[in-house]
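Same chain, two partners: chain A is paired with chain B first, then with chain C.
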Partner chain A sequence: MKIIEKIKTNKSIDNQTEIQKICLDKLQSSPLPNPKSEQWRLSNNSKFSDFLDYSVNEIDPKFDIPFPNSSQSTIRLVIGDNCQINLIEKNYSIKQISEHTLVKYIKEQISCFDQNENWSDLLNLALNCTKNTLGLKISGSEIPPIEIFSHASSNSLNAKTLVIFLEKNCDIDLLQVNLGKDNSSLSQSTFFCLEENSSVNHGVVSYGENKSNLLNSLNVIQQKNSEYNLGSLHFKFNYARFEIRIKQSEGNAKTNIKGMQKTKKDEQISTYTKIDFHGPNGFLDQINKSLADDKSHAIFEGSIIVPKIAQKTDASQLSRNLLLSNLAQIDTKPQLEIIADDVKCKHGATISQLNEEELFYMRTRGITLTEASKLQLSSYFQEIISFIPVSKDRWDLLDKLLNEN
Partner chain B sequence: MVNENSVKDVVKEPYKYGFVTDIETEKIAKGLNEDVIRLISQKKDEPKYLLDFRLKAFKKWQKMKEPDWAGLGYEQIDYQDIIYYSAPKQKEKISSLDEVDPKLLETFDKLGIPLTEQKKLTNVAVDAVFDSVSIATTFREELAEHGVIFCSISEAVKNHSDLIEKYLGTVVPASDNYFAALNSAVFSDGSFVYIPKGVTCPMDLSSYFRINSGDSGQFERTLIIAEESSSVSYLEGCTAPMFDTNTLHAAVVELIALDDASIKYSTVQNWYAGDEEGIGGIFNFVTKRGKCLGKRSKISWSQVETGSAITWKYPSCLLLGEESVGEFYSVALTNNRQQADTGTKMIHIGPKTKSTIVSKGISAGNSINSYRGLVRMGTKAKGSRNYSQCDSMLIGDQASANTFPYIKSQQPNSEIEHEASTCRISEDQLFYLQSRGIEFEEAVSMMVSGFCRDVFNQLPMEFAAEADKLLALKLEGSVG
Partner chain C sequence: MQSKMKESDPILEVENLSASTNNLPILKGVSLTVYPGEIHAIMGRNGCGKSTLSKIIAGHPSYNITNGDIKFLGENINSLEPEERAQSGIFLGFQYPIEIPGVSNLEFLRVSTNARRKFLNKEELDTFDFEELVKEKLEIVKMDHAFLSRSVNQGFSGGEKKRNEILQMALLEPKIAILDETDSGLDIDALRIVASGIKKISNAQTGIILITHYQRLLDEIEPNYVHVMSDGQIIKTGESDLALELEKKGYEWTDNFIKKT
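Then we have the complex of A and B:
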């Protein structure tokens, strides 16, 4: 209840948007997610309270993008930073969605929400004001890469929402960067709608600082013949949850996901994915990697749902995990729920440590244990990093991961 | 192209064991309260510690809530509408099988259970449980020569009270779960096996459970203790008549293996599954758990689940001893409106422990077949290893196959591997077999049998034949 009171007292009732009112109403009946539900049972309660503990903040301090934009062709947007865009070029256009369309779309989404499963979205939309919502409608071809930033400010709880409509036959490379500040909480909800024949290479890179927290939720609806490729990386958060919900609304769509979370110290980072096939000939190839060190806890829960209508679905899900310390722990739960009979579905999960034979081989060649471990880890990371689109070299992700303190 | 209807027809097979034995039975009134528990305990002439165990469990059960996490759709069970004790009337003491009611012998004969002398040649010792009580146990003298104790749990309470007091409820505590608590409060009979140090049980031991009354639940309890360096293979089978009401079967099985001991526990479960519309059938809510207490001990569960309206069963292994081994091999076939939520738990506590899980699920009709398993590596399970494989086969587009593996590791120096796949009967393979002159029905049966081969190979000889026959029977029928 505390969080609802906090939102309510934060602003006068008059200023509340229609969406906020709907979400607050929904949250009244479930002020906190059910800790016994599958989606939340492994969540660390005290860390989750830390997330909610900060005061709600709508105003962003000045934000310096960590890396200068060396390439003129990249479009950079910061959510909440009075972000306005209206680009109409010869081959493409990127337009801001009108408030009316945005509200209508979000209301439609909310009507399908499950109180528990979409709790993070409800919180995000209850917290968020129009200023921190970015809605884009993208069409055309030869679109330059796009980078979108969300950030939290110290000692506060910030909420950012991103809605993207990708029109027919359009394809883009999009990198979304979520940056956590020292002692902060960021709630990020993203809604993606891919129309027919569209394709997106979506990268999500989230990294924090000391004691930063993140609730990151991603909702994707794919129409037929669309292709959605997601590469994600989450690290350096005291507490982070990445929820991915993808719905292939008419089937005949392709989804590729390569994600990774890396935990150290006493961090807890979790990834929840739900892939819903609502039509035939759907395709999914998913790999999720976790790496847990020190006293940290990494969690992966992935479900693949194949109803009767989704014949000829081809789905595979793999969870690969490395446990590097005696005090760390890893939970993984890949699940299949299948009714259609003419499908190919499989999943796999492994938990182990670094390969001793490979380490031994490298050491016999004069490479130190530390170096050999780094080499092994870099190949482990590289598979994911290479899948993240847009200027990944500039972000030095591999270096950040290997030399993180 | 496979004709879907023809595959469906193949999996239709009427239940063969649905007859009711017309025998005079002694039943107590329906309902459950402390007095009923005292009455059961009194009828069995039990010592005080056991009555206290029951009453304590009952108190715990009253405070517990029926679990709903498996999402099994069934109507609320009225626990006051169940008879908790039902036994066929017979002479007080039976000194030989000749004194057993011929009707009972005939019943087990019809079920193919070798109780009578001429059938003893099969070299399997049988404990036959009819409703709430054990009717007869064969080969007792021969087993006694080796020091093996094989009797009903009621007899064990009288003759081996020290062992019962020491081990009962140590693997599955009374408060473990809702149905285990209910069983601990009202259990009526079951089997008890004790294999002394260094003894390899000279024959397979077997229990056969038969529910005869439609309104009584069956709550049996099995306890198997394998002392140091001993080994035993135990088989369990079950059937029930066809009633249009649901009957509750809530059993508890506890296995204890000490240093270098090995227990192999095999089940062929063929309770009545209800009719095509899902009316009637047994609710099979069972708690089975083994404790590998000793070093290098081994517990192996193999099961063939073909019956029951709803199965809720997770035979588990607690791997405490160093280098102990847990195994789980399962075939679950569901048809019509059956629901099976089955799997295992492998809890690795000791170092260098190993576990293997092989689960095969076949879903046909409108059934739901789920694998739900937990593999957990504790902080001390250094050098431990697990391998799991779960395959599902779907027949028809109304059946559902789910896989829910929970994997948790807190030990970096351990390895867990899990893989699962879902497939249907391959049209290419069917076509190939048919083009070689093999009938469609036989081809389907061969493919299902091949799909389950990994598990059947683990079953004891007697059971492997029965299981193969059972699946073939379920798959036998008219080809449309």
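Then we have the complex of A and C:
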């Protein structure tokens, strides 16, 4: 109940919005996620308490974007930073969604929420205020790459919400960066709607500093002939959950997901995915990689739902995991729920350690064990990172961050 | 088996070496001395310990030396790490070169070459200088430049993998190269290219140990000595005609030799 009290007593939200009231009502009946539910059974209770421990903060201190400036005409936005955008160019437009439309859309989403599955979204929307919500409607072609930053400041719990409508025939590269400062918690919920024939290369890079926590929820609705490509990377969090829910609402859509989480020390980072096919000829290619070191814990749970209507679905889900220490823990559970009888679906999971023969081979060429391990790990990351729409200058930063001890 | 006395000091001395893995003895007292300029061939049935000997000299962590010494340029290297042995000039050409997906061949070769150069107090090469060097070495094994942009050995044919091994040998300029069944899986043309590469790289200052089953490699590279291994020991040593005799009579002939000894 601690979180309900916290939301209620937070002075800055005395005047609650309609959305906040709806979500708070729902949370009253389920103030904490059910620890026995499939989505939460492996979550570390003590670490989850760490997430809820900080006081809610709606005011962001000055935020320095950690990524270097790009030579390209990248559009950069920071959620909550008095973010305003209204671009109408010859080939494209990026407009802010009106508050009325935003509320209407979010209410529709909430009506479909499952109390456990969407607990993170309920919390996010109960905490969030209009100022920390960014809604964009994007249309056209030849759109410059977009970068959107969310961050949590030290000793506080920040909630940020992003809603994006991609109109018909639109094609974008979007990089979303979630950053947690020292001793902080970030609640990030993203809602993506891809209209017919639209396509997005979506990168989600989330990393924290000392003792930072993250609840990151991503909800995607794909209309027919849309293509959604997601490359994600989560690392350096005391506790982090990445929840992905994708619905191909009419089938005939393509989804490609390549995600990775890297845990060290006593961190726990988990990824939950639910891919729902609601029409025929849907396509999914998903790979999730975990890399766990020290005493850390990495979790992947993925489900693919193929009802009778989703004939001719072609779906693949693979979980690949590397254990770097005897004390690290990896849990993985890719699963399929298939009712349709004419489908091509496969799933699989592997857990292994660094390949000893590869290491020996490199060492016989004079490469030290440390360097050889680094080379092997970089090659492990590469498949995922190359899928994230990040330009070369940002790459170096990511590379450096990933190789930090 | 002691080689005949030479004017210079030996490169490699394996003295009464016994080794095991998972408490299973594999080598049971192997002795072998290689002087500069010498080519030694080691032959023997599958499982007799040839490849194990090569891996132990290179420092494979899965094997324990239970007795004896390995000396390289007069220094005992029993406790050296594989990378230290490689940097000081020991090269192992793998029977089955390992594929390393995601690691570019060019970068792998550059990092390896620079590790050796650093040991030799030579200036490390940047990407551009290394490109020049590697271009020159590619000629030796008649490899296409395109192989450099691919991942290490990934998608290479058997012959291409073996040529990549010889390319690495050419770049690392080892004092001693142990080539474990470099001829296996090669067609006649590829065998000639690989053999010619080995001959171009070797000189009066280097030693070579060829591990092979077949005479055909030894037709291309004539060894000074041929050793026959059986059950973790060298049971017979001779000159190049021993390989011819072995080809004619088979390993059963060496079984008789064990009985006699």
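Please note the rule applied: the second predicted complex is superposed on the first by the 392 of 405 C-alpha atoms of A that agree within 3 Å, B and C clash if a C-alpha of one lies under 4 Å from a C-alpha of the other, contacts with A are read in each partner's own complex, and residues count from 1 in each chain.
Please note the rule applied: contacts are C-beta pairs under 8 Å (C-beta built on N, C-alpha and C of every residue); 3 or more make two chains touch, one makes a residue touch a chain.
The shown structure was predicted, so the numbers you read here are calculated from the model rather than taken from an experiment.
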item	value
Comparison of chain B and chain C by chain A residues contacted	B
Partner chain in contact with A:E209 - chain B first, chain C second, else both or neither	neither
Touched partner set for A:Y361, first chain B, second chain C, both or neither	second
First, second, both or neither for A:K308, with chain B first and chain C second	first
Partner chain in contact with A:E196 - chain B first, chain C second, else both or neither	neither
Touched partner set for A:Q376, first chain B, second chain C, both or neither	second
Residues of chain A defined as touching chain C within the complex	356-358, 360-369, 371-372, 375-376, 378-380, 382-383
Touch list for chain A against partner chain B, complex	308, 311, 321, 323-353
Touching residues (chain side chain C, partner chain A) in the complex	58-62, 81-83, 85-87, 91-92, 94, 97-98, 100-103, 108, 111-112, 115-116, 119, 151, 168, 172
Contacting residues of chain B [partner chain A, same complex]	377, 379, 392, 394-424
